[in-house]
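In the two complexes that follow, chain A is the common piece, with chain B as its partner first and chain C second.
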Partner chain A sequence: MPFLPLNRWSIQTYFFVLTLILPAIVVIVFAFGAQGETLEHIKETILADVVLNTLYVLLGTVSVASVFGIGGAYLTTFYSFKMDKLFSFLLAMPFIVPAYIIGFIYGDIFGFYGPVHIFIMQLGFKNYIDVLNGYMVVFIMGLALYPYVYLIVKASFSKTRSTILYPAINLGATRTKIFFRLIIPLSRVSIIGALTLVVMECISEYGVMKFYGVDTLSTAIFNAWFGLNDPQSAAYISSIAMIFVVSVLLIEKAARGKISYKSEKSSAKIPKEKLGFIAGAAAYLFLLIPITFGFLIPFLWTLYYSVVYAENIIDMEYVGVMLNTVAVAGVSSILIVFGAIFVSYSARIFPYGINKYSGKIASLGYALPGAVIGVGILILFSSIDNWLIAKFNFESMLIGGTVFALIFGYCARFFAVAINTVDGSFERIGITVNKAARSLGASHIKTLLKIELPLMKRAMLFAFVLAFVDIVKELPLTLILRPFNYETLATKTYEMVGSQMMYESSIYVLSIMVAAFIPLFLTILKKEY
Partner chain B sequence: MLKKILLIAFFAVASYSASEVNVYSHRHYPSDEELFKKFTAQTGIKINLVKASSDELIQRLEKEGKNSPADVLITVDVARLYIAKEKGLLSKLSSSVLDTNVPAHLRDKEGHWYALTKRARVIAYNKEKIKPTQLSTYEALAEPFFRKKIMVQSSNSVYNQSLVASMIVHNGETKASAWAAGIVKNMARTPAGQDIDQLRAIAAGLGEVAIVNTYYIGQLMSSKRPSDRAAGDYIGVFFPNQNSYGTHINISGAGITASSKNRQNAQKFIEFLTSVEAQKVFAEVNFEYPVNPKVQPSALLKSWGNFKEDMTELGKYGANNAAAVKIFNKNGWN
Partner chain C sequence: MLSIQNISKSYDKRTILDSISIDVGRGEIVSVLGKSGGGKSTLLNAIAGFERLDDGFISLEGQTISAKNVFVEPSKRGIGFVFQNYALFPHLNVFENVSFALSGASKAHKKEKIAAVLELINLSGYEKKYPHVLSGGEQQRVALARVLVMEPKLILFDEAFSSVDTVLKASIQKELLAILRKLKTTAIFVTHDPKEAMAISDKIAFLENGRVVQFDSPENIYLNPVSKDTASFFGPVNVCSGKYIRVEKCRLDKSSGDFVSTVEESVFMGSRYETTVNSTIDGLDCRFLVYTDCRYEKDEKLFLNISEF
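Coming up: the complex of A and B.
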């Protein structure tokens, strides 16, 4: 099998993937010829610490996200208890709150002179703990990111069929044994896929790390680039972040490679087991932790301040901001989903050499901080613009500083979110369908459009929603690439992040939640995604 | 054909006419936008705005190069203005209005940038635990007396970078580094949060002194939230180094970009921002010190008293910015 298969599909795929990762490549190429001295300084001073910190934060976050994500998915899929539908729904809700918002809100609520501290002082206690620390980072990132695991793994759990589990139950295997020996291994592709997203989000997070004073690879990139004014060293650190991600992606691909999924629509779903009183109470307690801290508290905080500080906020400007956000996120997410289908399908029909990994390669942009991808796009688009201006004598830039640049940025950054879901869906359909259609003489494209896509409607919708919600929440990339006078809900909340206006801008935070909630709600209504 | 398409795209995209000024700004206060509206009402010149952090805006200006649509760059730290000038992104401006409105030490010698507002980086202290007589200079904060008592932001803060750059200017790199090491030893916690979080912490008794910008103290003391005002009651303000080189100040400032195609309007805009009318808004709403000598600071700032400010040429902080960051990294000031 060739390492670099060359045919119409694969060549188009390479072109597409290359375009998506060009901003990341540009940053790194741009950085060649690293200045030895600054790089040496970074290696001697902060590098070891930031690599270790990044590892700690990743381990912690992945653990928290796994416990709540897998635990939540397991309890709501295999057991029935009062209000289980409501709980399945609420468990997904932290997804609509951006991590940096959860971070700021907890800094406010639990910080000095926040409501909790005031309450404790009123009780007569003098001492109070400082919450701006690394443990809180893990807690916050875990809360913000476990919904990826929950949503993706629940989709996989709910496809577990009775033909697989009944024999084990009949042979007297305990629930614990079934969970660890059957359910988890059967869904390991989804679990690892979801955790890959968690790892990438976590590596690229800047706002939370900065606020809570934890230096990771992401903050070190800013230190090198802007503080030391050395893009070369910044690129060096970026490439370390990339190595982290490539390792995780390789693990994921390996896990996926060994398993072949077949849909068994004919066999019945496993009936849910009723939880007893004590087990039920324990389940409630367990599920209430992520729901309360990941969603209810941030939501109520935002709602409270939105009401308290609402001063003729809902005006034409607000409507414009809402429309900007929804339109750009909508268009970008549609492009992302179709791009992901194209790349995934190409790898499906030509699973050789590098083409097999094209989806993973295209995901790399997800692991770099948004601002870094943003600078890559600036370099790219400005070069094109300046060339066009020199060549055709235009008076000003054509693509830089336009909505187009922004949409491209979102696609480059959030492709990873969609490819995961689309890959998974293709694998569940199985390759037999494809081969049958092909052997009957259908072209690749016809097979895709007539046979496979109709089977993937839910996965497509789900991928769309994941990308949409992420884009609505996105901040750093939007800040650096946006056109003049262009505000989204997230840039409006920037006033909250950057200055001390967090209470005044909470209506925009609330709006982010609402804009993200609606598509998520519609997806969950469809039950299976 | 390609040319045709591009031309159409051009007319669809390019909407920057001569009666506009395109601004890249790091300032993000609602009062700024009110000011911009006032400027438009008075002159008919429309302000187009992109807000992001100075570092990112400088990247954008640099990459866009001579075709950048931006006319004005506004930052909240002098080192960023210096860096923009060094990269050739700002252009010279001579204006008698600006020379009158902005004192000499608050503008670039060659007219590449002008301060809009001032902020002093002062020592805030918990009045129950520290007496002002125990405070003297920034340098003294590194002494053992302040062990586990200091609260300060992380080294990502441009204000800390400029403060240490000023230490380098006054005391040399070796002493500045020793000072940073002493501060790290004296920190009450690993740096985290923003300036206002340091203030709340010393009010609560975690640490006793905080190195912060003045307007954060103003914001805390006049917050809409009763709990913040309660915290503010504990806070005293001390202007250090009154018997030596003076209290460190930083500026928010503006310059016309090298690529500007609306220079005249851009100049009018910067002149407007330094006018008495605009300076009053900066002073009253954001608790910044006005740069225009004709305008008084807000009543709250006045209540802290006058102070001797460090008159060092501000551009020098920019020249020493990278050296300052290295000092932070070397001494484990995260």
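Coming up: the complex of A and C.
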């Protein structure tokens, strides 16, 4: 089979995929030619610190997320205690609170005028606990991102069967030995995959780093572009962020190796072991830390101030921001879902050569920080605008700084979210239905429209919701690409926090949380997609 | 009608089809038989147009439909395909499933044609039912109706009876065969069940490691197999003097017979005993399995009779 199959479907797919990864290509090309005084200054002064800070934050976040994620998954999968189902559910809940919101809220709670400091003062202490530091960033990022580890690893732990553990118990292995020698190695692939997601989300984070004053690659890209007005430096730092991401993916691939453990579905699940009083109390205490700090406090804080300030803040501006968010996220999600269906179907009907991997290639944007995609699009669109202005004497920018640029950015960044769901749905439908329709005289298009799409309505809805929610939560990309004065829930929250309007921002925060709860709710309903 | 000439297909340097040649006449029913992984389904997919050829060509009614540089899309071949799990469209009812291939036809024509086909396969009155409420046998008949309605030049069946339970299998086979014969339809069945192949086919193509080892009538392939693998695939066989002798062709007698034999063992198998004897035939030591109705003692001397040896 040819490496580069050439037919109507595959050629259109190549164009589509190339368009999606163009921002990343632009960043690489631009970074190669980057030079100038500003860049030299950045290289000499802050670059090393920024890279080191990023590394420290990554290491710290991975550690915190591993402890809470793997620990939570282990306790709720292998042990039974009162309200264990409620704990299983609550452990996933920080998923609905974006990291920057957790960061803003703790910034307020531990701030100079916050309840913690006031309480300490009332106790007679004069010291102010400054939480605006890297340790707090690590703790916040760990709290916000451990649900990735928890959900993925719990799914893997749940597949452990009695045929594996009973022999170990029979051979006299302790619970600790079983955990480290059997359970963890058997779930190695899932753990590595989950931690990779944590690392990528962490590299991408802008809001928390900016608020807590920790300079990482993500904030450095912003500073280079908006502070120093130097696209070349922004592209250069973006390319370093890309090197980080590529390295992580390569490490993941190497660590994953060719291992694939298959559990015997037929053998029995392991019965949960009852925890004794002391062990039970320790388990509650351990599980309550991420639940309380990652979800309960931020959620109750938001709910309280939303209710208190509701009258003042639900106004036409709020409605406008909601409409902006729904419009831009809705249109982008629809485009993403249809794009994913097109690419996935093309690979399904021509599963040869590079076409087979087009979905994976198009998903590159998800691995890259939002700021990198944003910088790529800004460079690309301003070049196109400059060319149009020079060629046709247009008086203003045509595509740069428009909603179109923002929608394109979302599509490039969140395509992967939809393609995974769509690919999975096609796989579940199976190829024989497609072959049957084709053998009955239907064209590829007719087969897709009449047979396959009606069978994947739920998957399409799920993919739409996932993409929609990710877009609603996305901050850095929106900050870079939004048109002037165009506010979404994420940018409005960020701006209000920046303007010391913490409490007034609560209703925007609550709106983001409600939106983010939808996919989690659908997953809880255990619908088959 | 269908001519397959020297077709080859490989995946990742693994040869799946190796210079296969088969000719199928109009109205003939052919079975492609072999072990799993032998290339049966790939051959069927190549005929249907779901696989492209590396070499050779396939022609249908004189028109080349697949060759290295020729490829007619599956939707334009006029070849019906009945899949192992039937592949009915779960969101469409029986009428909609069967009418799927009739796009472009008028409503009245569709109704008339579908009614006729459903009557032919004894499914009149099932129009509004959805696949999930049908039994395995009914689903298979709908899959057949869906194909028949397009009046195909050829129908391909991929392990079409494997999802049906053994009790139903024989009656469904009989029914299907009657319909195919009545319509004089050319059909190719892929199966791994030799009994099924012998029951339904005019000819059987036995595939092994991607090659057609033997292509012959069921009687010939059973009684005159060209290889040990072909012979043993269809049932127990004794090999002696380069000949393949079916077990049921051998008999043991205490008083007279063709060859003197010594009993090695006699094992009770429920409805019969399976007795192994050693004989010398044409100067060669041969071992024979013989079905007997009583147990013989080890080293007992008996006479072996072989019919048509």
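One rule holds in what follows: the second predicted complex is superposed on the first by the 332 of 529 C-alpha atoms of A that agree within 3 Å, B and C clash if a C-alpha of one lies under 4 Å from a C-alpha of the other, contacts with A are read in each partner's own complex, and residues count from 1 in each chain.
Here, contacts are C-beta pairs under 8 Å (C-beta built on N, C-alpha and C of every residue); 3 or more make two chains touch, one makes a residue touch a chain.
For clarity, every value in this text was computed on a predicted model and none was experimentally measured.
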Chain B versus chain C as contact partner of A:F226, first or second or both or neither: first
Touched partner set for A:K126, first chain B, second chain C, both or neither: first
Partner chain in contact with A:G114 - chain B first, chain C second, else both or neither: first
Which of chain B and chain C A:D215 touches, first, second, both or neither: first
Touching partner for A:L461 - first (chain B), second (chain C), both, neither: neither
Larger contact residue set on chain A - chain B or chain C: B
Chain B versus chain C as contact partner of A:A442, first or second or both or neither: second
Contacts of A:A173 with chain B and chain C, given as first, second, both or neither: neither
Partner chain(s) touched by A:G374 [first = chain B, second = chain C, both, neither]: first
Residues of chain A at both interfaces, chain B in one complex, chain C in the other: none
Contacting residues of chain B [partner chain A, same complex]: 3, 6, 9-10, 13-14, 16, 22, 28-30, 48-53, 55-56, 59-60, 63-69, 83, 154-156, 161, 189-194, 196-197, 200-201, 203-206, 216, 219, 223-225, 227-228, 230-231, 261, 321-322, 325-326, 328-330, 334
Chain B-facing residues of chain A, complex: 38, 41-42, 45-46, 107, 111-115, 117-118, 126-128, 130, 132-133, 210-215, 219, 222-223, 225-230, 309, 371, 374-375, 378-379, 382, 385-386, 388-389, 392, 394-402, 479-480, 482-486, 491, 494-495, 498-501, 503-504
In the complex, chain C residues that touch chain A: 48-50, 52, 73-77, 79-81, 83-85, 87-91, 100-101, 103, 146-147, 150
For the chain A and chain C complex, residues of the former touching the latter: 1, 430, 432-433, 435-443, 446, 450-451, 454-455
